[in-house]
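Labels run A, B, C and D following the written order; every chain starts at residue 1.
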């Protein structure tokens, strides 16, 4: 066997470095930190007469973790959906490295380099964890029906790489031991992690996480923060929607705050914490779960 | 829930009133002026045909009983292959009851020759038929088969009979091309579409005096073929329009509209009674005053049952003598069928079985002998004279005209050929 | 275990092994033990068992076992062929309904197109150029794929229920066109549709009263189709289909071009439908517009669901059963649809996953993954835990 | 491939001819007659739409709910002495008899609808079955009921029952509109409006809308979901029963075991065309479908084209408006 798969036969344990290399092969290239990666300009989304997102502009910079926060119904998820092609904006643009994402199909946006997780977990329940991740990896594969039927060399190569990379991703998020379990039977925490692994599998430039810590206990949140930082360190840019202020303040580099579909503040976590408009917005809805801890 | 009905029922009542008012406004209660087309000429300017009171049952018609002295092996078997179940079952039931009757009569009269009867179900489906036919062909005790009833299934299985040398008489498949395949084992026990078409044309024009004939066909092999030969035989000037309907169709407003637009005085419906009856009924309801002609597929007591008084304008063509008019046959048949009267092709089934039984009585108990026997057969049956040409068609076939009288289908005599 | 990843391109041995696993694995918790025993068998014994089963299946019409036989009602070899035909149809429909989750109620349309292709190019009633029958099989597939794409492009963007009614309409349109277009000869039909060549003792081998050769040919085709579909299943394509079935939006978001793969599912299903239609036309030797109705479409669907939607073994078994029962018990011919109707309801209530529930392996080289799982996580018992997880799932399904 | 298409087209291209003059000449009869059928489709389509609105599933067995009602009409009227000939009865007697038949049909249809719900859907709901399972169970129920009628009443159609002879009422654009057409269309529209109002104004109607909008929230708010579902089936059945009466009125010999299936497909198409889940959409879809089918029939020559044209129009409409013409759903009906 001449592949890079760590062969169990030789009894060697895989090092973290090896896994990291497989997960983020492009790490060295994506280092022009600070340049705008995705730019939202005057983004507006309306449903019927209702304006869910009102001329929102901000940019997501390469290599940062950007937090997107706001009270319930502020338009965070709408903003997400408009970026990932679920909704069609009625006005404004979303550009990624200069190319517009508006009007592109969802799968094309994914291939352009934007991946996301879902607030309410949406895994492919009948598939195993590994298969879920491989579906994400398939976004970069080129084999089509004839190639698969006749098992062309490219197909065989892609399949082999899939397993290798898929396992590495599962290892990265910490659920490799459950690779062959149907994702439906995974624990809640594992399912959340699997969603992240699946999104990473599409080799995104920007990873959008929609409330990844929902339902987590403090210890799990702590682990998640580490994981998000690791993802960033591996060269990904992260957009994070999150209710938990402690998590947001602890992990993000910058924060954008929405309220009633408008952007009310933008800046470093420290600045945001002191921003009167933000405090006002949050005082109105503060409760035990979501408040600043 | 109760609330729903409270709303719904008054609504209907209100609307019914509209309908009712309309009814009463044009005179005295619902439908007292039934306005059915003239059944006996006069009002529609067409001639009427006299009812034939005496039926030409051939005096020397061959009966299955024979002379009662026949001797044959107890395994000698005749078979019916065709629809027993499914949507096409009724036609098949008509036929195999006829066959059953013939065999019963034969076996009763000939204690030393008890002929077995086997049935194989094809559901009238060409694709299902190969299985049962192969099964019948492989059963070496079977010396002759009555079937298959439909043209489609006959086409898909004729070759199998041919290869096995098993003669079969179809009592009802009328597609002309069936006898053009070179099958020596295929015999048709009735006239094909080419025989009935010209007769229908003649009935419509010369006999009834129609000047404007409208031809409607269904989408069956039978309907299409018959409509084609009928149109070909009609004088060009007399054909005022054609239309197609589909099997299973129950509303014919568009076709009726076309007929009314064409001012036709005779409508020929080329198809089966299931569509023919509602069609005629809707024609009459819309005020059609002319005559309605249907072929043997329409000539069925069900037609009158379903079309009601509208059927008074109906005439039929059929290359057959009406079995239900021969009381002795009808009575005997009812004993076999459990009370139902003979239907379309019952007599043909009976006759076909009779011919084969006669062959068995004469010692033709191999398939090839049976085939030879049928090929050279020349005698009258209940419905017609049976003498086949080399291709398996009957030689001379009178086509009879029928009409509706007092809710019954009665003969109106032979339609002269030429 | 020496699994060679550089194995033959068809992955013959491995694929068969996986299929066998799948067959054994899917029988529900009661059969877990059996599955375990099957897994424990040495490779050569598994092959032996499979070969014997294959041999028995292959020579079924020759063996003509009593009790099982459909005689004297209908010829057993022909009944066997009918089973094989239904199995092939179900296999194709399973791709569309079972794998990709697209409810196609007009599958009979593809079957009809295949039949007419065979008829138009081989029947003595056709005025077209005549070609050898076997050539009509690929031709039928090409033409039905064309129709599949033609239907799919406007309709596959529609959501499930809308798709159902539109496909149903398609099936009806094909049937009606067969009546309307004169070149298709409506109810009059085409006689003497061709057959594969070859004579034995001066008699045609592929005669329409001899079911055995037709049956064997169809079974061979089924095996090839299953192997190829297995390849598809364990590829990007199969994964995309299951992803679409499970959650179309999520699939799209994960970069699956859902429309394209739905179209492929439709096309693949159509091709198999067309193939079975052409074989059917050849065996019966006669094609007309009679049997391409909605009711038959429903029977096809019943076959897939009965066997286990999404499982190709299930589809084959379901197809065979749906065809066999009415041929074996002719007495029930009139009650056939009534019984199917009741069975469908009961099945959906008590065993919605069908006889063999879907549990697809979507990745090749499963064995390697299991080993890798064990090592990479540094937990030797991980593999066992994995199996436990499976069992849990199955129990959920069985409820 | 290309060769096939062109050869099919060239060898005999006479099979498709657009006879515009025929269409224009018969435009008004086609319209009025189409509307009559459309009204019947619409009544049956309502059953599909209501159930779809509440359960989000196609009740494929609704066609059999309808045909059961049609059998009830035929049996009732036959028992009352109606037959293939127009009755000789007074106006009042006819109206009374028809009302009786209508109620019988409504009761039978409602019972059948309820049985279908309890037998084919409820157990699935209790087990949280996937969507496909419902559809297949529905198809199973449809087949079972059809073939119960098949085995009971044979493959023959029931003998015709003529309710009254249509009389011309008035003349529009040179085309006579008869009492039958008028009765059916007006009755259907009245019933649609009544249903619409019922859904809007009554407590049960509000419950139906609530469940349609969000079953879980509705349950939390104290709506008895099971009762709402059963009511929906019953209302659908009642409307199908009314549809059955008009169907028999229009097509007296159309009661046959598979007669519902064909009409059901049409009605469902109508519901989808108008926007499934939408009550007004059902009416619009029904009327349009009836007329379009008839236009197609006149334009292209014969009845075989009716369904082809209907389905092609459906596909075209769905391509432009994937949710049907009116597109909204039951939940969005404003109170």
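Here is the rule we use: contacts are C-beta pairs under 8 Å (C-beta built on N, C-alpha and C of every residue); 3 or more make two chains touch, one makes a residue touch a chain.
The UniProt protein names, listed by chain, are A = ABC transporter ATP-binding protein.
Note that the structure is predicted; figures quoted are calculated from it, not measured.
Undergrad: Can you list every chain in contact with both chain A and chain D?
TA: Under the touch definition, chain A and chain D have C as mutual neighbours.
Undergrad: Consider the two chain pairs A-C and B-C; indicate the one with the greater count of contacting C-beta pairs.
TA: A-C
Undergrad: With chain centres defined as C-alpha means, what is the inter-centre distance between chain A and chain B in Å?
TA: Roughly 74 Å separates the two chain centres.
Undergrad: For chain A and chain C, let me know how many angstrom lie between their CA-based centres, rounded off.
TA: 39
Undergrad: Cα centroid separation between chain C and chain D, in whole Å?
TA: Those two chain centres are 34 Å apart.
Undergrad: At least two partner chains per residue is the criterion; list those residues in chain A.
TA: Within chain A, no residue touches at least two other chains.
Undergrad: Among the residues of chain C, pick out those that touch two or more other chains and give their numbers.
TA: Counting only residues that touch two or more other chains, chain C contributes 176, 179, 334.
Undergrad: For chain B, which residues are shared contacts with two or more other chains?
TA: 86, 89, 219, 246
Undergrad: All pairs of touching chains, please: list them by chain label.
TA: Final set of chain pairs in contact is A-C, B-C, B-D, C-D.
Undergrad: With touch defined as at the start, can you tell me which chain D residues reach chain C in the complex?
TA: Interface residues on the chain D side: 1, 4, 7-8, 11-12, 14-16, 52, 57-58, 119-120, 123-124, 127, 129-137, 139-148, 150-151, 261, 265, 268-269, 272, 276, 304-305, 307-308, 310-312, 314-315, 318-319, 322.
Undergrad: Which residues of chain C touch chain B once you look at their complex with the stated criterion?
TA: Residues 70-75, 78-79, 82, 176, 179, 186-189, 191-192, 207-209, 211, 280, 283-286, 288-291, 327, 330, 333-334.
Undergrad: Can you list the residues on chain A that touch chain C in the complex?
TA: Residue positions touching the partner: 1, 3, 5-6, 8, 13-14, 84, 86, 105-107, 110-111, 115-116, 118, 122-128, 130-131, 134-136, 138-141, 143-145, 147-152, 155-156, 158-160, 162-163, 167, 171, 176-182, 184-186, 198-199, 202.
Undergrad: In their complex, what parts of chain C are in touch with chain D?
TA: 97, 101, 103, 120, 127-128, 142-143, 146, 154-155, 157-162, 164-166, 168-170, 172-173, 176-177, 179-183, 294-295, 298, 301-302, 305, 309, 334-338, 340-345, 347-349, 352, 399
Undergrad: Please output the residues of chain C touching chain A within their complex, sorted ascending.
TA: Residues 5, 9-11, 228, 231-232, 234-240, 242-243, 245-247, 249-258, 264, 267-268, 358-360, 362-366, 368-379, 382, 385-386, 389-390, 392-393, 396 of chain C touch chain A in their complex.
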